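Structures are listed in the sections that come next.
Heads up, the next two complexes both have chain A, just with different partners, chain B and then chain C.
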Partner chain A sequence: MKPTRVADVIVIGAGIIGAACARELARCGQQVLVIDAGLHSATAAGMGHLLVLDDNQAELDISRYSLRRWRELGPQLPDDCAYRSNGTLWLAANEQELAAAEAKSINLRGEGIRCEMIPGHSLQEMEPILRDGLHGALRLPDDGILYAPNTARWMLDNPRIRQRRARVTELDGNRVRLDSGEWLSSEAVVLANGIQAVDLCPELPIAPKKGHLLITDRYPHPVTHTITELSYLTSVHNSSGASVACNIQPRPTGQLFIGTSRQFDTLDPEVEGWLLARMLKHAASYAPGLAKLNGIRAWAGFRAATPDGMPLIGEHPAQPGLWLAVGHEGLGVTTAPATADLLAALLFNEAEPIPAAAYAPGRYLGEPTHA
Partner chain B sequence: MSEHADVLIIGAGPAGLSAALAAANDGAQVVLLDDNPLPGGQIWRDGAQANIPSQARHLRDSVEAHTHIQRHAATRVVAKAGSQALLVENPERGWVITYRSLILCTGARELLLPFPGWTLPGVTGAGGLQALIKGGMPVVDERIVIAGSGPLLLASADTAKHHGAQVVRIAEQAPLGAVATFAMQLPRWPHKLLQSFSLFDAGYRTGTRIVAALGQDHLEGVRLQRGNKVEELACERLACGFGLIPNVQLGQALGCALGNNAIQVDAWQATDVAGVYAAGECTGFGGSELALVEGRIAGHVAAGNREAAQRLWGERQRWQRFAGSLNQHFALDPTLKHLAAPDTLLCRCEDVPYAAVAAHANWREAKLSTRCGMGACQGKVCGAAAHYLFDWPPVAPRPPFTPTRIETLIQLESAAQSEH
Partner chain C sequence: MPDLHLDGRPLCVAPGTTVAAALALGGDGSSRTSISGQRRAPLCGMGICQECRVSIDGVRRLACQTLCQDGMQVETQA
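Up next, the complex of A and B:
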């Protein structure tokens, strides 16, 4: 059956990554068709925390570049995207974590990122919800938040972008088969469907990491920053079992997001009470004032995690015409702009906005089999 | 801290009270929860101006006096806490209740449909108006319009008149023929005849529906339509109810199958989940008499007394026929799906207009993009309206089922450890 050529580029997945890629490709003059199956996405399940991370150079490159792009985009975003530059506060609960915070601040400043150390005795003044006795915190004032589902929708609202609700059942380079049996083609296909990518490309090294979140009722609370514990940095890279970390984010509505959990080896989409409870208990150990607040809703979602924590951005080595933008784990909202710009640069053979090697699919899938 | 019940009953309306008494009389240790401060449910709602029927008072007193029944008021179920345990919360504390059998008597709530002006102060549900008056709200000399569908309109009008209000119109959407046919069958259920149709008054109109509530900052009047005829009436209050919808959320969360938007039960009032029973309005609208007998059957079965339960099957069948007739004759006219204007709010908590929700393919997408149903009421009002307006099936709730203190939710850690 001859495929129908439907666009210059087909993007699979209308989450924040697919939307950012579609928007950038449209900006480059491409006619884009975005196909989405309407499944639960990490974009809808996540917190929408925009933050700079510096565990390694690749993480710093992609998050720093993206944060700069978000700050440029921020003023254009409609109200319902709830974009705010409220800053992140990394909490140090002991001397060891305080030393880590200081080392981090030196590194970030060296990279030109604004940050400051907050002494333990000033923390409650800054965020009264926090407990006594924390050793200090590192503050990154330029981090932010946004409501990712609406931001993705805004990005897709473009005359060069068409959207279609369908499930893709098969991929072959730049050809795409839908559940209707219909084959579509384009110059390039961008796979940006997160955890569902392995259904189409089982060879991708992507595993689901389940996470829980809870949102509170509206309160006239004084939380300003997104509050995160520094030990998050150590728990985040565990590769087995269940772990929790304190993550408290104020919403513009006066509500608070409370997270977060990480679990491997499960595809159960249900909220698990025992882990939700452990997560809340942990958050309340940093912010005792949470105990009396009402939680109104909890949910779970899946992050698409690669073994080294870095996304796969670039052409599939074994499938010319198929481009990957997947595996962003918990950082897809933060890193969407850099992902989109890098993907477009690679696709059009232009200068890379950030060094591409660390995200190259070839690191897991081998070198290209075609000339 | 936890509590154990042989039979745990959720909801202390007619079904829950009668289930509690039946199970306790069979020797079971019963725990009875209700999220209201006083027992009686919606129909026997107590309060400063309430006038509780003597039968209800007697049942309530028997439950209060029974040594085998522990009743917890103002207590809500917030999550499952293991395979036969629920996490509950009252204004002071949260705790876990384990059970051998569970009876869901979660009742029904009013279907509220959006129409222009429905969010104006002065507009309530029909049952809502009744509850407010019983709770002590004065309505003396107020002009009240009651609109929507079903016998609840008449009951609400009766309460309002009894407390000195002037009910200027009762607008029933069902056509005259259907209402008349229903009324003619009433002698089959003499008790019901006394209860509802003696309430008929000169302001009653069939085939009449609400078009808009009028006013700027508060209600000043209503616009009604009957056929092609539009009438405007000045009033201080409008009470609108479009029938009752079963509260199935807890049943859904426990995995119980639904049928006709109600919790499905067999002849023993058993759901398809082992050890879980359901009785009363949550299994389908049928009125308090049906709820009472279903509750007794469920209570006996949960306590292991099937003989006593089976003896009540005949009585249940009689009231099921009444319920069937009621549901048939007060079926909602499809034109009610088009009362809202594009800018009429559908979700009051998050200020989401009808058109914004209608633009989506299903409830989940509408929620994600418009935030409808994501406010404090968690879609209890707009979710039910969207279910009726757009045929979007209701989604099983996730814990917490209701706004819950975080310190209560933390108890799920130890409570659920047996599962892991």
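Up next, the complex of A and C:
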């Protein structure tokens, strides 16, 4: 069956990554078709924390570049995207974490990223919800927040972008097959559908990491920063078992997001009460006042995790015409702008905005099999 | 017969009356005002939908899951 050429580029997935890629490709003059199956996505499930991370150079490159792009984009975003530059507060609960925070601050400052150490005795003044006795915190004032589902919708509202609700059942380079049986083609296909990518490309090293999140009722609380514990940085890289970490984020409505959990080897979309309870108790151990607030919704979602924690951005080595923008784990909202700019640069053979090697799909999928 | 105050006005209800029922008997039926300025009211009646959250003696509670008691101060404008 002869495929119908429907666009210059087909993007699969209308989450924040697919939307950012489609927007950047449209900006480059491409006619883009975005196909989305309407499944529950990480974009809809996540908290939309925009943050700089510096665990390694690749993570720093992609998050720093992206934060700069979000700051440029911020003033254009409609109100319902809830963009704020409210900063992150990384809490140190003991001397060891405080030393880690100090080392992190030196590294970040050396990289030109604004940050400051907050002594333990000043923390409650800054965030009265926090308990006594914390050893200090690292504050990154230029981190932010975003309501990602509305931001993705806004990015897709572009005269060069068309959208279609359909499930893709098969991929073959620059051709895609829909559940209707119809084959579509374009110059390039961009796969940006998170954990569902492995349904179409089983060779991708992407595993689901389940997370829980809760949102409270609106209160006249004074929380300003997104508050995260430093030990999150260690628990985040565990590769088995269930873990929780304190993550509190104020919404512009006066609500609070409370997270977070990580679980492997499950695709059960239901909220698990035992883990939700553990997560909330843990958050309340940092911010006792949380225990008096009502939670009005809790839900779970899945991060698309790669073994090294870095996304796959670039052409599939064995499938010319198929481009990957997947595996962003919990950082897709933060790193969407860099992903889109890098993908477009690679696709059009232009200068890379950040060094591409750390995200190259070839690190797992081997070198190109085509000339 | 529990005597309570609904937005500052006295209201007497039959024993066993929920706050959700008292809102309908003595007020505009609503429990709160949403972020976009809409008045919101009890919907599911079984503690799931969270629409009927209301301030009772300064604490946010679900009107449909709370029985009226003597001296309660119920605020829907908070």
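Everything that follows uses one rule, which is that the second predicted complex is superposed on the first by the 371 of 371 C-alpha atoms of A that agree within 3 Å, B and C clash if a C-alpha of one lies under 4 Å from a C-alpha of the other, contacts with A are read in each partner's own complex, and residues count from 1 in each chain.
Going forward, contacts are C-beta pairs under 8 Å (C-beta built on N, C-alpha and C of every residue); 3 or more make two chains touch, one makes a residue touch a chain.
The structure presented is a predicted model; accordingly, all values stated were derived computationally and were not measured.
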Combined model on chain A where chain B meets chain C, clash or fit: clash
Touched partner set for A:Val271, first chain B, second chain C, both or neither: first
Touching partner for A:Arg153 - first (chain B), second (chain C), both, neither: first
Partner chain in contact with A:Asp217 - chain B first, chain C second, else both or neither: both
Chain B versus chain C, judged by how many residues of chain A each one touches: B
Partner chain in contact with A:Asn294 - chain B first, chain C second, else both or neither: both
Which superposed partner A:Arg165 touches (first chain B, second chain C, both, neither): first
Location of chain B clashes with chain C - one stretch out of 7-15, 25-33 or 43-51: 43-51
Touching both chain C and chain B, counted on chain A across the two superposed complexes: 217-218, 293-294, 296-297
Sites on chain C touched by chain A in the complex: 35, 50, 53, 60-61
Touching residues (chain side chain B, partner chain A) in the complex: 79-81, 87, 361, 365, 368-369, 374, 376, 378, 398-400, 403-407, 409-413, 415-417, 419-420
Of all residues in chain A, those that touch chain B in their complex: 38, 44, 149-150, 153, 165, 214, 216-218, 258, 270-274, 276-278, 280-281, 284, 290-299
Residues of chain A touching chain C in the complex: 217-219, 253-254, 293-294, 296-297
